[in-house]
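In order of appearance the chains are A, B, C, D and E, and numbering begins at 1 in each one.
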C-alpha cells in the first residue's frame, strides 16, 4: 500500500483519473456524441489538464501516444479489459503484462475485478500477479472493483458497493474505483470499509453539470479521495470546463456553486477567445 | 512438519490465531456489531494481546498495516480466499504468492482447502506449491481444512471433521484448523487423526462467553493445541477480556470458571479505568 | 506502434499483404480453381511481385519455402489458425511461437482475434504474448480482427467492423485487417476508429476484376492503407495481372479504369509472350 | 526402466510395498479396526519389518516421520492422491512435487493413473512430468494403474487388468501395481503384458490369512514380482505375523502352508513373549 | 522442413516406419493373433529388418529396449497417445517431452493430431511445442494426421484425407501419416496437397498379403514416400516376409508380383531353415 501523498498519480493526496478505455470496453459508439474523441490525441490533450492526475488507457493507445505525452500525463496502464461483444460471464482479458507497462513508464496499473462473476477466482489470481509485479516495479495499483455476474443481483446496492471497496483493501490495491452507491451515508460506509485504500468514485454515464458535480462533491465529503471519469468528461463539448469544475470540487474543497461558476467561466472564456 | 515448540506462532506449544479475513470472505457485514472493527488498526491492536500467537490476514491488510506492527504481532499470511459473492462450487483464489508473503516477513502461511468441493484437486495442488515454498522460506503452514461442496452433506459430522484433520497431516500442514465436531470424544478422535499435525479449533460465529470458553476448554482437553478465532473475539465489545479468558484456558490449563473470572475482571478493570 | 513508413512490410506507407494460409483454414478445396496453387512455390512466386509488401503463411510453409525466397519476399508469420474441421466456438491454435518466427527472419507477425467468441478472452491473452514478443524482436504486428461467434450476429455490420478496427488499436496492432463494411462511409469510420493503427481491407471471396478493384479503390479513398488478399489473387488464372492493377490502385493513386488497363495490359502481354 | 535387481526398493528382484496413504484416500475410517494404526508411528514401525522393501506415504507423513526412519525404511513417495469426499470423475491431486520428494531422500515415486477416467489425459501428463523428474533424480517409478471412471465398466475384468499393466510399461513405470484379476492365467497374461515393467499385486480389502497368502502365492507363481499392500497388513492385530508369511511367499518361494506356519509361529511367539 | 534425403529415418528418400504403440492405443488385445508380439523384444527384433527406416514407440518401451537396439534401429519417439479406455472427444496425452526423447537419442518425433476434434486446438498447440523443440534438437517430425471427432463424419473421405495431409505441411511436419483414401487419384491429390511434406500411408488393420502390397504400391505410385505400418506386419506369422515384400515395393520400385515373390521366397526360406 502506497499512500496517495507519495503517489505520482495524486495531487495533495487526491486523485482524478481520466479513463479512456471505452474503445475496447464499449466500442466506437461511445465517441458518437463528440466525434473528435475517437481520435486518441483529442483525449490525450484533455488529459494534460492540470486537474487530471492519471490517464488510464489500454496498451495500444499507450504505445502509440504516451511517448509524446509522457511529460504532461501520468500513465495508468489499464492491464485488462474485454470488448462488449463478449457474451459470457463477466471477464476481462489481460491484454498487457505489468512488466511491459513498467517498461513504457507507467505510474500505476489499473485492473478490473468482477466480484461475484464465475470468473472472479481467475481474475483475482491474475490481479495477484499484476499487483505483485507493480510492487516490484514501484507502480501504483488501482482496482476497478465492480461486482457483476451470477452472484450479483444489484450492483449499486450499498452493501455490495462497500464490499467492492473492501475487496480493494483486502487484495492489495492502493486505490479502489467503485460506483456511487446513491447516497452519502452509503459512500461514507464504503470509504470506511476501504480503510487505507483510497476510494475514487466512478464517473458513469453522462449527466448534466450540476448533477454530476453535486454527486462528486457528495462523494468527496463522504470520504472519497477523488474520481475516475471518462464519458462525463470526454462526451462533453467542453471537457476542459468540466475539468475546471472538478478541480474545484476535488482539490480545492469548493462548493458545487463555485465549481459551476468555474465551468461556466471556462465556457464563456472559450466563447470569448 | 515443524513442531509447535519451535514455531514462531506458538507459545509453549499452544496456538491462538486471531483471524481477520472476514472483509474478504464475508464482507463489511461482519463488522456491523462493532463498527470500529472495520478499521484494521482496531483489530491489529487487539492482535497485540499477549495471548495471540498469530494474526491471519490477507495480503492487502498485511501490506498496509503489518510493517507498523511487526514487533508485536506474528503474521499468518492467509494466501487464498474469495468473496461470498462467488456462487460457484466452493473455491478460493490464491491472492498472495508465498514468496511475497515471505518477503513481507510472514511467520506462517494460512491456506484454505475445501475437501469434497469440485475444486478440491485444484486447491490441493495450489496448496502443494504454497506449502513447498513455505518449507523453503522457513514459514509455518496452517491449513483451514473445511470439507464443503458437492461431496459434503454435513460438514460438522464427526467422521468428516476427523477426515479434515487427517488431510492436514497427509498433505503437510503443521497446523490444521477444523470446526468443533460437537463433543469432546469426536474432537479427541480428530486430534488423534491429525497425529503430529496440531489441531486448532475454529471459533465460528459469536456465542456467549461461557459457552464459548467451555467449548474451547473441551477442545483443549480433547487434545487441541489451540484456537483460531475471529468473530468470537472482535465482535465483542471488549475483545481483550475474552482474550484474557482464552489465555487462561489455552495456555494456563485453567478451568472455565477461572477463565470467566479473568474475563469479568478485565471487564471491571475496563470499567474502572 | 510502428508507423508504416518505417515498416519492412510497407512501401510508401501502404501495404499489400498476400495471404496464403487457406490450406490450414479452409483446406485444399481453395486450390481447386487453380490447381497449381496447391503447390506453395506457385504462390511464393506470385508473392515476389513488387506490389506485394508482405506474404502471410503458417509456420510449415515458411520453414519449407521462405529460406529460398527471403531476398524477394517479406514474411508475415501467421502465428495462429485452425482447420475448418473445428466445430467449436471460433478459436485459433497458436501454431508458431513468436520467438521461432523471429528466428526464421519474419518481418511481422499475423494474429487472428475473434472478438465476441467465447474464446475471445483466451485469444486476446495469446495475442498479448505474441505482440509483446514481436515488440522485443522488432517485428511488426498485424491483427486479423474478425468478430465472430456467440456475441456476433452480423459480422459485416458497420458498427461491428469499426469496433474490430478499434480493437486493433486498443490491443496494440500496427495493422488491423478488417472486412469491408459495404460502403465508403462505413470504411472511413472504421479507419478513423483505428487512428494510428493502419487498416487494411480483407480481400474475401473471389469477385470479378472490376468489382474487386472498385472496392479496393473505395477502401483506399476512405482511408485504408492497403489490402490483405488471398483468393482474389491466387484463384485467378493470371494473378500477376490483378496485382498490376492493385499496384495502381494502392500505391499509385490510379483510377479503377487505369488499374483495369494495367490488368488487361498484363493479360495481353502474357498472351503475346 | 531400472531393473528391480538394482532398485533400492527391491530385495533379490522382488518387492513388498507397504502402502499407508489411506488417511488421505479413505479417511480415518480405515484405522477403526486397529485404532493404533491411526498413529503413523505404528505403521512406520511395521514398515521396518525386513520383508518390507518400500513404504508408500503422502508428503505430510514423510516430512513428519521419515527422517526418524530413514535408516530402516525405503521411501516410496506417493505423489498424488485425493480424498474420497471428491465426487467428480476419478482424479488425483499432485500433492507433492517430485523434486521435493527427491530432496527428502525418496527411493521411488508412486503415482496413480486412472485409465478411462475423463481425467486420464491430464493425469498421464502429470505422470510424465513426475516420471521424467524421477529419472533425473535417480528415483524408481511405481504406477498405481487403476482403470476407473466413465470408460470402465468392470475394473477387474482380465482384459482391463492386462491393459492396466501394459500402461505401466508404455508410459515408463518400473513397477505397475494392479488388482488381481481373479485367476492365475489372467495374472500371468497381465505380467506378460507388462514385459520388463515389474508387476505387483494390489492387496485390496482385508481377507483371512490363508485366502490372502494363497492369492499372493498364485500371483507370484503367475509372474508377479511382489505385492503392494496396506489394509491386509495394518488392519491385522499382528501385522508382523502376516509379514512373516508374506516374506516366505514372496522372497523364499515357500508354499502357502509354510507361510501360514510362519504366520502362526509369529503369533505364538508373540503370545509367548 | 528437413528433406527425407537427409533424414536418418529415410533410405533413398523413402520411409518405412514400423509403429508399435498399440499396447497403449488399443491394449494387449492387438497382440492376441501373434502372442509373441506382446514381448517388445519380438517387435524390436522385427524393426532391425533393413527395410524398416524408423521404429515408433512410446517412452516406456524406448527407455527399456532402445539402448540395446540403438545401433540397429532408428527411433521415432511417439510423444503422445492415449488408451482406448478414454471415452471423451478424441485426445492424446503428451506422455513424453521432446527434450527427453532427444536425450534418449531419438531420430524423429511422432505426434498425433486429431483435426476436427474438440481438442484440436489444444493438440495443435502441444504439437507446436514438440515440433519447435524437435527443430532445436535436430530431430525429424512425423505427424499422425487423423481427422476425428465431432467435426468429422467420414474420416476416409478424399477431401478429408487431403486436408489431413495439408495440415502436416502447414503446421511444420516433415512427414504426414495419413489413411489411404481408397483410390490412387485421391492419394495423389493428398500427396500434392502436402507438397514438400512427405506423405506416408497408414497401414491400418491386417489384410492379406496381396491386397496389402497392392494398396502400398498404389500409394507409392500416387506419390507417397512410404508407409507407417504396425498390425499388417507384426500380426503376421512371418513379419520378415512381408517386410521383404514391402522393401521391394517401397524402395526398389518393384511390381506387386515381384514383391509377392519376395514374401513367398522368405516364407519358403523360413520353412527350409
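Keep this in mind: contacts are C-beta pairs under 8 Å (C-beta built on N, C-alpha and C of every residue); 3 or more make two chains touch, one makes a residue touch a chain.
Note that the structure is a prediction, hence the values are computed from the model and not measured.
J.: Any chains in contact with both chain A and chain E?
T.: Common contact partners of chain A and chain E, which must touch each of the two, are C.
J.: Going by the touch criterion stated earlier, list every chain that contacts chain C and also contacts chain D.
T.: Looking at chain D and chain C together, the chains touching each of them are E.
J.: Hey, how far is the Cα centre of chain B from the one of chain C, in Å?
T.: 59
J.: Could you put a whole-Å number on the gap between the CA centroids of chain A and chain C?
T.: The mean C-alpha positions of chain A and chain C differ by 37 Å.
J.: Specify, in ascending order, the residues of chain E that touch 2 or more different other chains.
T.: none
J.: Could you list all chains around the ring, opening with chain A and heading toward chain B first?
T.: Sequence of chains in the ring starting at chain A, next chain B: A, B, D, E, C.
J.: So in the complex, the part of chain A that touches chain C is made up of which residues?
T.: 21, 23-24, 27-29, 31, 38-41, 58-61, 63-65, 81-83, 85-88, 91-97, 100
J.: Please give the residue numbers of chain D that touch chain E in the complex, ascending.
T.: Residues 1, 115-116, 118, 120-122, 124-125, 127-128, 131-132, 135, 147, 150-152, 159-160, 162-163, 166-173, 189, 192-193, 195-197 of chain D touch chain E in their complex.
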